[in-house]
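Handing you this structure, nothing more for now.
Chain IDs A, B and C follow the sequence of writing; residue 1 opens each chain.
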Amino acid sequence: MTDLQRRLFDELETLVLIDPHTHINPHAPASRTLADILGYHYYTELAHSSGAAKVHLDEAGIGPKERVGRIVESLEHLGNTIQVSWLLEMAREFFGFEHEAITSQNWEGLYDAAVRRMAHPDWESTVLEKSRLEKVFLTNEFDDPLEGFDTERYVPCLRTDDLVFKLHEPQVRERLAKATGIDGGGRRAVREAIGRLFDRFVKRGARACAISLPPWFSPHHVGDQEADEALAEAYSGGASASGGLQLSRWVFWTLAEFCVEHRLPFDLMIGVNRRVYENGVYQGQDLFDMRVSLIQYKDLFNAFPQVTFPVSVLGHTSNQELVSYAWIFPNVATSGHWWYSNIPTYIELDTRARLEAVPRNKQIGYYSDMYKLEFALPKFRMYRRVLAKVLAEDFVIGRGWTETQALALGRQVLRGNVERIFRV
Amino acid sequence: MTDLQRRLFDELETLVLIDPHTHINPHAPASRTLADILGYHYYTELAHSSGAAKVHLDEAGIGPKERVGRIVESLEHLGNTIQVSWLLEMAREFFGFEHEAITSQNWEGLYDAAVRRMAHPDWESTVLEKSRLEKVFLTNEFDDPLEGFDTERYVPCLRTDDLVFKLHEPQVRERLAKATGIDGGGRRAVREAIGRLFDRFVKRGARACAISLPPWFSPHHVGDQEADEALAEAYSGGASASGGLQLSRWVFWTLAEFCVEHRLPFDLMIGVNRRVYENGVYQGQDLFDMRVSLIQYKDLFNAFPQVTFPVSVLGHTSNQELVSYAWIFPNVATSGHWWYSNIPTYIELDTRARLEAVPRNKQIGYYSDMYKLEFALPKFRMYRRVLAKVLAEDFVIGRGWTETQALALGRQVLRGNVERIFRV
Amino acid sequence: MTDLQRRLFDELETLVLIDPHTHINPHAPASRTLADILGYHYYTELAHSSGAAKVHLDEAGIGPKERVGRIVESLEHLGNTIQVSWLLEMAREFFGFEHEAITSQNWEGLYDAAVRRMAHPDWESTVLEKSRLEKVFLTNEFDDPLEGFDTERYVPCLRTDDLVFKLHEPQVRERLAKATGIDGGGRRAVREAIGRLFDRFVKRGARACAISLPPWFSPHHVGDQEADEALAEAYSGGASASGGLQLSRWVFWTLAEFCVEHRLPFDLMIGVNRRVYENGVYQGQDLFDMRVSLIQYKDLFNAFPQVTFPVSVLGHTSNQELVSYAWIFPNVATSGHWWYSNIPTYIELDTRARLEAVPRNKQIGYYSDMYKLEFALPKFRMYRRVLAKVLAEDFVIGRGWTETQALALGRQVLRGNVERIFRV
C-alpha cells in the first residue's frame, strides 16, 4: 500500500456500516466455536477440493473441535486463497493469534482461545462493535416467523427462491398455506397469500425482497389464463417443464408487483446453477454458466420503473453488462461482489468500471454474505483495501481529486447508498 | 502519472489526428451553446439514470439554457463518471472554467462564457486546432446529399444500418428510390440502386462503408432465389422474420461486394441491441447482450479477403476474440473502443492485449464517436493517457524499448494506420 | 521490475522444470536452422495477417534460408507482439544477437550464427540445460510407435482428438486397426482396441491422456444401444450429425474410463474451433467462440471423481469458470495459459485469480506448447516474470508474506504440482 492508499483506507475503516445482505441467523448471530467459522462452506468446500474426503469433513456425530481439526489438516493446501486470509485475519483480530499460518501444531491453542472469548455474554456486541456494524440485513425464508430478535439491528428481507422455483413441491405449498392461512391453489388465492407474506414482512421492518436466479431464467409477464393453467398443474401435482417455467415467471412477476405496492427494492442475484457438483459438501455444490445476459431482464426493468433492482452478478464477465444496464436504467443499481466474483482480482476490475460509468448514487459497494458475524470484518476490510486503491489511483492521482472528494465517494458507496436505496 | 508516462503522453499530445469515426454534422460541427454539449446522450441518459425524470430532461419548448440548468441538477450524482470528467476538461480547456465541479451555483457563468466563445466566427477552426484534428470522418445516411461542406476536412462515410435492417419499411424504400432514381424492388434493381449510392459516395470522397450490428446477426451469402423471395416479400409489404433476416443478409453481402469494387473498408460495429430501455431518453435506450461471437462473421471474413474490416466490439468481453481474429485474419483490423467499452478500465485492458498480439499495422487506436467537435479533445486525451501508460509499462519498462520506439508505435496506432487503412 | 520482483524472478529462474505439454518431436527436438523457429505457426500466421501472401510464405521448394528471409520481411509489422519478443529473446540468449530488432539488414548474420550453433552435436542438451528443462511431455498420435527415444526425458502422452472426432473417417479407423491389430467396428472391439492403445502408451511411460475440444462439445454417457448404432453407422461409412456426436461422446467417455483404470490424468483443452480461416497458413486457421461453459462438463466431472482433469481454456473469458470449477470439484485442476490466452495481459489476470481462489496443490502454472525446444526458454521466462509480479504484489506486499513463502508457492505451481498430478 502506498501512503495515499493507507490514508484513504484508514479513513474508510472508521465508517460504521450497514451490511445489506447476509445469511445471519439472528437467534445465533455470532460463533460459539471455531467450527462455526470453519464450517462456513468456503472452508469445507476448499478442503474437499484440495483432497479431503467428504465423509471425513461431513461426518455426523463428531464434535466441533474434532471437526475443526479435520479441516485444519487441509489448510496447507489452501493458504494461498483469499478465504484463508480472512480466517487468519479473524484469528488475529478476534483471538490474538500470532503465527504465520494455522497448522496442525498450533490450531488447538487458537481453538481454545476462541472458545473462551466466544463464551463471553457480550461476544455478539463485541464483534459488531469491533467490525463497526450497525445493522445487518438477513435472508429470511418466506415462512420465517420473524420473532424473537431486534429487527432494528437485524433487518428482515424476504427471500423468495422457494416461491418462484419450488411452488410445485407439496412441502413448499404446505409451508405457504401454513404461513398465510390461505390454502387454495387458484390464482387469486396464491396472489393473496403472497400479499400476506409481504404484509407480515413489511410490518416486521423488511427492507428488501430478494432472490437468486439461475442463468437460464428470464422473467416475463404471464397472462391470467396461462397462470391459471400453470397453477392448476402445479397444485394437482404435475410438473411439466413449460408449466413450471410459466409458474416461476408468474410468481416472480407477482413479487415485483408487491414490491411496487410496498416500495421494496428487489435484490436480484443473477447467475447460479444449483447442485452442479452433486457429491460436493453442504453448500459447496453450486456453480455457474457465464452465458447469461441482463437482456433477459429487459421486460422486467421496463415494466417496473418504480422498483429499484439492486443487481448482483455471479460472473465477472457479466460486470460490464451490469455497469451498462445501471448506466441506462434508472431502476437498476449495482450491488456488491457476489461469491465467485468476491475475490480481489475481480472486485478491483469491477469496482473500477462501476466507479467510472455508473451514477454514484446507484452503487451499493459491498455486502458480506456472511453466515456468522465474525466474517464482516475481514470481508469488508478486503473490499475497503480495494476501494482505497481504486480511489487513490483513478480519482486522486488519475483525475486530481482531493482526498476529501474521494472519501466522500467511498462513503457513499459503502454506506450512503445503502441508507437511501433501502430506506433504512 | 510517472515521469516516463508524462513524457510519452506529452509527445502523443503533439500529434495531429484524423478521427476515423464520428457523428459530426458538417453543417454544424461545433457547439453553439453548452446545451449542444450536455445534450450529448451520455449526459441526458446518465442524468435520467441517476433519477431525473425523462419529461424534465426532454421537455419540448424549453430553451438551451433552461435545458442545461436541468441537466446540471443531476451532476452531483455523476461527478464520478468519466463522461463528466470529459465535460470538466472541455469546460477548463475551452472556457477557462476553474472550479472543482460544475454545480447549480456556478454553471451559469460557464454557460455564458461558452456562449460568448462559441459565437466567434472561427470557433470551429479554434476547436479543431486546439484539438489537433486535421480530418473528421462522418456518418452519413445513404440518402445524404453530401453537399455544402468541405469533404477534405469532413470525410463522408456510407452508413448502412437502414439499408440492411429496414428495407422492409416503406419509408426506407422510398428514400432509396428518391436517392437513386431507381424504383423497382427486383434484385437487379435494388442492387443497381445500392451501386449508385456507392458511386455517389465515392465520388464525394467517402472512405468507408459502415454499419452497427445487433448481437444476433450473422452474415451469410444468400442465393438468388432466396433473395428474390425476400425482396418480393419486403416490397409487397410483408415482413416475416425469416424473410427479413434473409433480406438483411442479402443486402449486407451486396454491400461487401461493392466494398470490393470500390476498395472501401467496411467498418463493423458489432453488438448493439436497439431500444432495450423503451422509455429511455433520446439515444439512451440501447444496450447489449454479451453472448455474441466473431465466429458469426466467419463466412464474411473468408469470402472477402480483399475488403478490410475495421471491427469494433461493444463488449469488453468480446475483445479477446477481436484480438485473436485480427491476429489470424489479414482482413480484420481492431478499431477503437466503442461506447460501453469506452471507459479507461476497459480501454487499458483491451489496448494491452491488442498491442501484445495484433500486428501493429492493423490497429486503429481510437475514434471519438462525437456529435460535436468539442468532444475530440477530452476523449482522445483519455485514450492518449491510457496509451502512454501501456507504452510505458509494457514496452519501455517491460521490454526495454527506447522511448523513441514506443512513440513510433503510438503514432502508428493513433494516426499512421488510419491513413493507410482508409487511404486518406 | 521492482527490486522485489527481480529477486523473486531470479529465484524462479533457477528452478529446473518439467514441461507438461508440448508438441516436440522427440526424434528432432531442437531446431536445425532458424526456419524451424520461424516456421512456428505464430510467425507465419502473424506475417500473413500483417499482409504477406500465403503463397509467398508457404511456397514449396524454397530452402530454409529463403523461407526465413521471407518471414523477416514482415517483422517490421510484428515487433510489438509478444511472439516476436520471444524470438528476440531466443536470438539473444542462444545466438548472441545484439541488435534492437531483426531486420532485412541483419537477419542473415543471425541465420548463419544459428546454423553454426545448431550444428553442434550437443545442441539439444545445450538448449535443455540453458532452459533448465528436465523432462518434456509430448503429444503423441494414438498410433505413434513411441520407439527410438528416451521416454524418461520425452514423456509420451496419448492425444485423442482423432479418436473422438474422426473415427467416422476410414483412414482413422485403418490407423486404429493397424495400431492395435483389432479390425472390427463393434462396440466391444473398438473398446478393446482403445484399451490396447492405453496399454501400449502406459507401458512406454505415458503420463496423460489429452484432447482439444471445440466449444460446442459436451460429453455425456451414451447407452450401449445408441453406441452400437453410432458405431455401425460410422463403420458403414455413414456420418449423420447426430450419429457422429453420439460416437464422439461414446469414445470420449470410454477414454475417461480407461483413465480410471490406468490412473492417468485427462488433459482437457477446451474451446477451439478448427479451420475457421480456411485459407490461413498451416496451423494458422483455428479460432474460437467464447460462448462455451464448463457446465457442459458437469456430467463428466461428476462421473469420474477418480480422474484428475487438468483443464486449459482457450478464452480468457472462461478463466473465472475454470477458477470456480477447480475451487469446487476435487478432480478439476487449472492448467497453463493456452494459445490465444498465452499473452501477458491475460496470463496476469488469470494467474491472479487462480492464486486467490484455487487450492495451491491444484494449479499447473505453465506449459510451453512448443514445437521446438528453443521456445521453452522465452515462454517460461514470460510466465516467470508475470508470476514474480503477482507473487510480489498480491502476496508479499498485499498479504505480508515472506519472500520464502511466496517462492514456495511459485515452486509448487511451476514444478511441484506437475510432479504430483502426473506422478512423474
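In the analysis below, contacts are C-beta pairs under 8 Å (C-beta built on N, C-alpha and C of every residue); 3 or more make two chains touch, one makes a residue touch a chain.
Values in this document were obtained by computation on a predicted structure and should not be read as measured data.
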| item | value |
| --- | --- |
| Angle of the C-alpha superposing rotation, subunit B to subunit C, to the nearest 5 degrees | 120 |
| Copies subunit B and subunit A - interface residue numbers shared by over half, same or different | different |
| Separation of subunit A from subunit B, taking each centre as the mean of its C-alpha atoms, in whole Å | 39 |
| Where subunit C touches two or more other chains, by residue | 291, 317, 349 |
| Partner subunit A, residues of subunit C touching it in the complex | 291, 293-295, 298, 301-302, 305, 317-318, 320-321, 323-330, 349, 352-353, 355-362, 394-395, 397-399, 402, 405, 409 |
| Parts of subunit A lying in touch with subunit C, wherever the complex brings them together | 1, 45-46, 48-51, 77-83, 85, 100, 273, 276-280, 284-291, 315-317, 340-341, 343-346, 349 |
